[in-house]
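Note that subunit A is present in both complexes that follow, paired respectively with subunit B and with subunit C.
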Partner chain A sequence: MADRTLLRAAQLTLVAALGATLLVPVIWPLDQSAVDLAHVGLSPSPGHPGGTDDLGRDVLHRSIYGLRVSVLVGIVAALAASLLGGIVGGLAGLLGGWTDRVLMRLIDTLAALPHLLLGIFIVAMLRPSLGAVILSIGLTHWLSTARIVRSELLSLRTRPFIDAAIAGGASRRRVLTRHLLPHVLPKIALATTLMIPHAVWHETSLSFLGLGLPPHLASLGNMINDGQRSLLTGSWWASIVPGLLIIVVTLAIAALATRWRDRLDPRARAELDL
Partner chain B sequence: MTLQAHAITAGYRGRQVLSEVSLSVEPGETVGLRGPSGCGKSTLVRVLALLHEPTTGHVSLDGTPVTGARHRVPPQIRTRIGLLFQSPRAASDPRLSLTDLIAEPLRATGHPRDTIETRVAELADRTGLTPDLLARQPHAVSDGQLQRACLARALAHRPAYLLCDEATTMLDASTQAHVAAVITEEQHHHNMGVLVVSHDPALLKRWTTRVEELI
Partner chain C sequence: MIKLVRRRLAVAVPVLFATSIGMFLLGAASPMDPAMQYAGATAFTTDPANLAQIRANWGVDDPLPVQYARWLGNLFQGDLGWSTSRHEPVGAVIAARAGWTLLLIGVTLAVVLAGSLLLGTIAAYRRGGLFDRGIRAAAYAVESMPVFWLALAAIAVFALALGWFPAGGLTDVTATSTTFGDVAHHLVLPVAVLTVSQAPWFLLFVRDSVADSLRDDHVLAARARGLRGRTVLFGHALRTALLPFLTLVGTHLPELVGGSVLVETVFSLPGLGAVSVQAALGSDFPLLAAITLITTAVVLLANLCTDLAYTAADPRVRIDG
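For the complex of A and B:
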């Protein structure tokens, strides 16, 4: 019962958040560079439900715009990471032998490094931009997908139904497209969904550190970073509103993805990898 | 005209399972294969089915030696040998309906659609699968029903040889008899050679013309 209420809450949150991010440019477009010095540091009120920051900008409004960027980056980066992970895991699982061993050691090595550090290294080499952030996330988050795809393929490859397909005359390509991929793709889709919250957090962390998106753009990480200064003057809302938004939305995505995982594979229920 | 294993030595990752085993199956005859658990019966079947490459020795099909295994063997040769597994559950792709399961080998080798339809209907009829069952997926049918579908699939290419790896062990008596009857009928029609791996002396005695012992 509590489980279902939580799930419903997650669904509603996501619908509301995605609806807001999609509709806000139509209903209430934001001028990214506008400053309103007459309304600096206002606390939350009916006119500004999230208050205003130290440049008089509406915090809730900018947070919704920030969420747009974060979710977009999260989805694209998660897709990029899954593609890379799928290819590497696919090669390791299908070719086996030396290819598998080399790729797996590479993954172990990369996994041993803190991925935020690696991500920072990648963005630091590039100009701050949406592309750089996506690349930074994509290149650091593919490891788990690669492992999932590889282990799935290794266990599928030895199943008798693959033997039966080969004995029945199926070509390599047919075994791959008809018998292996259809079993692996749902797992990749699930891994991608579970990765979106991670990617959003990663983007926010990079922006918070000043390495993500250009500072004048409303992104959640930028806003939390800017809000730190206001925190000292007592305007807590400038950081808290974007912070809460990111926590609520990523938890909602994670809750739904976890639920989906449980349906797809009840054995995985015991593990929690939020 | 024989399916023959010549002095097969085979194993997995350095662990030797078979050493210098030879076996032949003539067209039309039914050979039994018996031996204790773990003696390599299934490995021998996999070698004969061209799914596992022996370390030494080779398989010859109607006098022609076969090199390699799995995809390195041309499909025209692979499909001359049918294979029926012990567990129908493990041997069927859980996503496919029974119709797709039976049609899969024919589709994989590019037969025209209408040929496949009539062939699947004929095979389903012979193995006693009703249209209602054919629409279901493996999880929605019993082991016996699924093994009938696997038999239909194994016979789809009218193989010259059929290898049954404990294929009736998990089945009830009536399904067992029916599976054996379908195989025997196919044997009469196409002079198919059959290898029956089993632990069951009664079954081997009733069904086979000679029994080979694997130690």
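For the complex of A and C:
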């Protein structure tokens, strides 16, 4: 009952967020470099629901643009990470034996590396830019997908329908594309979706540190960073409002992904509900 | 035990080497010229011959494998190089700051462990109750908050609005020396923020695993013998749930390091995290590379230690493969 309300709220939030980020350039375009020094540091009001920052820019308007940039970067980076993870996990799961053991041990060790620090290193050496941020996320976030793909493939390999397909004379390629991929792809899709919030976090962290997207661009991390200046003069909204957007969208994605996982694997939920 | 150590090192050492090679190649691909960085603003007035001399002295134009071997050789001999952004030896920068980062992470870890064990156990005992539901909702909510945002919100509320704690720094601006009370007062907010942002994960884990072990046979048997609820909860159920918790601490260290980088930056603490961000902004390869490599090595070592503790504590465990 309460779950259903929560789920509906999450769906509405995501639809609203997606709609706003897709439509905002059409309905309410933003001049990224415009400043309005007559309206500096206004607190939230009906005219400016998120207030204005220390350069007179509307915080809510820029936050929606920031969300647009962050989510786009998050999706591209999550796809890149999933591709890398899918390839490595696929190799481990399909080849098995020594390859599998070495790759899995490697993944366990890589998971123990401080990934934000490595991400900072990658971005610092390539100079902060969109490509560097995506590379930094892709190279540090593929491990979970690799693990999921590998374990899924291992459990599929022992299933009778695969044996039946092989016994029926199906080629390796046919088994892979017609029998294995359709089972693995939904898991990869779920893993990718769950990775988007992590990717957004990594991007906003880098931007917040001044190591992400170009500073004039309205991105959530840049805005929270800019808002630090206003914070000390009492204008808390310049940092807090863009952060609220990250939180709401993260929660909504998490709620939907949990539901999705339950659908993919009803048994797991039954075990949890005990 | 020795076999485990050997197996772990057989992967960890190559990974560490591969990381250092990757970092070195990235540094070499970076468009920054170390000689120009060293000269700073004077680069424009310096005689090009002098710059060429610096480049020759540092061997910047040598073949990459030669440069890499020299860099690594120097690292092993304890010569971490010269920080191009801070204009002092990398070793000195790290030595002056590592302590503060260790203090921040150490205190946070202690509070997180104690707090999550206590609260998670209570939530598991009364699972489904108001406390359990409340604390789980709070944990999920906090988990979705970026730590730097949480830090800024904490500053806005506790430092600026209420004025209870300072907004940043390690000592009072007027202070002439570092006193324990002053530092402790300045560390309350950073430690609290880092704790709150790291705790949900541990808390939810403790709650679930204690809830599971409450259904175990030996716990039911203890109950049936008439032992008190509290004795059963902490003496039997929590003890079984503690073991996997040990490895978890190891696997969660990278998150803690990342969190401390952000928290140190927001609160302007003079730790390794904040200085690595400054190094990154200044494309300071020697400093950033040294911090990243050392931190990676320490985290890998800590992981190995927690695994060893796990095998020591539970003889049934054979980590194979």
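The working rule: the second predicted complex is superposed on the first by the 266 of 274 C-alpha atoms of A that agree within 3 Å, B and C clash if a C-alpha of one lies under 4 Å from a C-alpha of the other, contacts with A are read in each partner's own complex, and residues count from 1 in each chain.
Just so it is clear, contacts are C-beta pairs under 8 Å (C-beta built on N, C-alpha and C of every residue); 3 or more make two chains touch, one makes a residue touch a chain.
Nothing here was measured: the structure is a model prediction, and the numbers come from that model.
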Touched partner set for A:Ala170, first subunit B, second subunit C, both or neither: first
Touched partner set for A:His183, first subunit B, second subunit C, both or neither: first
If touched residues of subunit A are counted for subunit B and for subunit C, the larger one: C
Which of subunit B and subunit C A:Leu95 touches, first, second, both or neither: neither
Partner chain in contact with A:Pro160 - subunit B first, subunit C second, else both or neither: first
Partner chain(s) touched by A:Phe121 [first = subunit B, second = subunit C, both, neither]: second
Touching partner for A:Leu211 - first (subunit B), second (subunit C), both, neither: second
First (subunit B), second (subunit C), both or neither touched by A:Leu264: neither
Footprint overlap on subunit A, where subunit B in one structure and subunit C in the other make contact: none
Parts of subunit A lying in touch with subunit B, wherever the complex brings them together: 159-161, 163-172, 174, 178-179, 182-183
Subunit A-facing residues of subunit B, complex: 46, 49-51, 70-71, 75-76, 78-79, 81-83, 85, 87, 90-93, 95, 104-105, 108-109, 150, 153, 156-157
Complex contact set, residues of subunit A against subunit C: 101, 104-106, 108-118, 120-127, 197, 201, 204-205, 208-211, 224, 227-228, 231-232, 234, 236, 239-240, 243, 246-247, 250-251, 254
Residues of subunit C touching subunit A in the complex: 11-12, 15, 19, 23, 26-27, 29-31, 140-141, 144-146, 148-149, 152-153, 155-156, 160, 167, 250-251, 253-254, 257-258, 261-262, 265-266, 276-277, 279-281, 283, 285, 288-289, 291-292, 295-296, 299-300, 303, 321
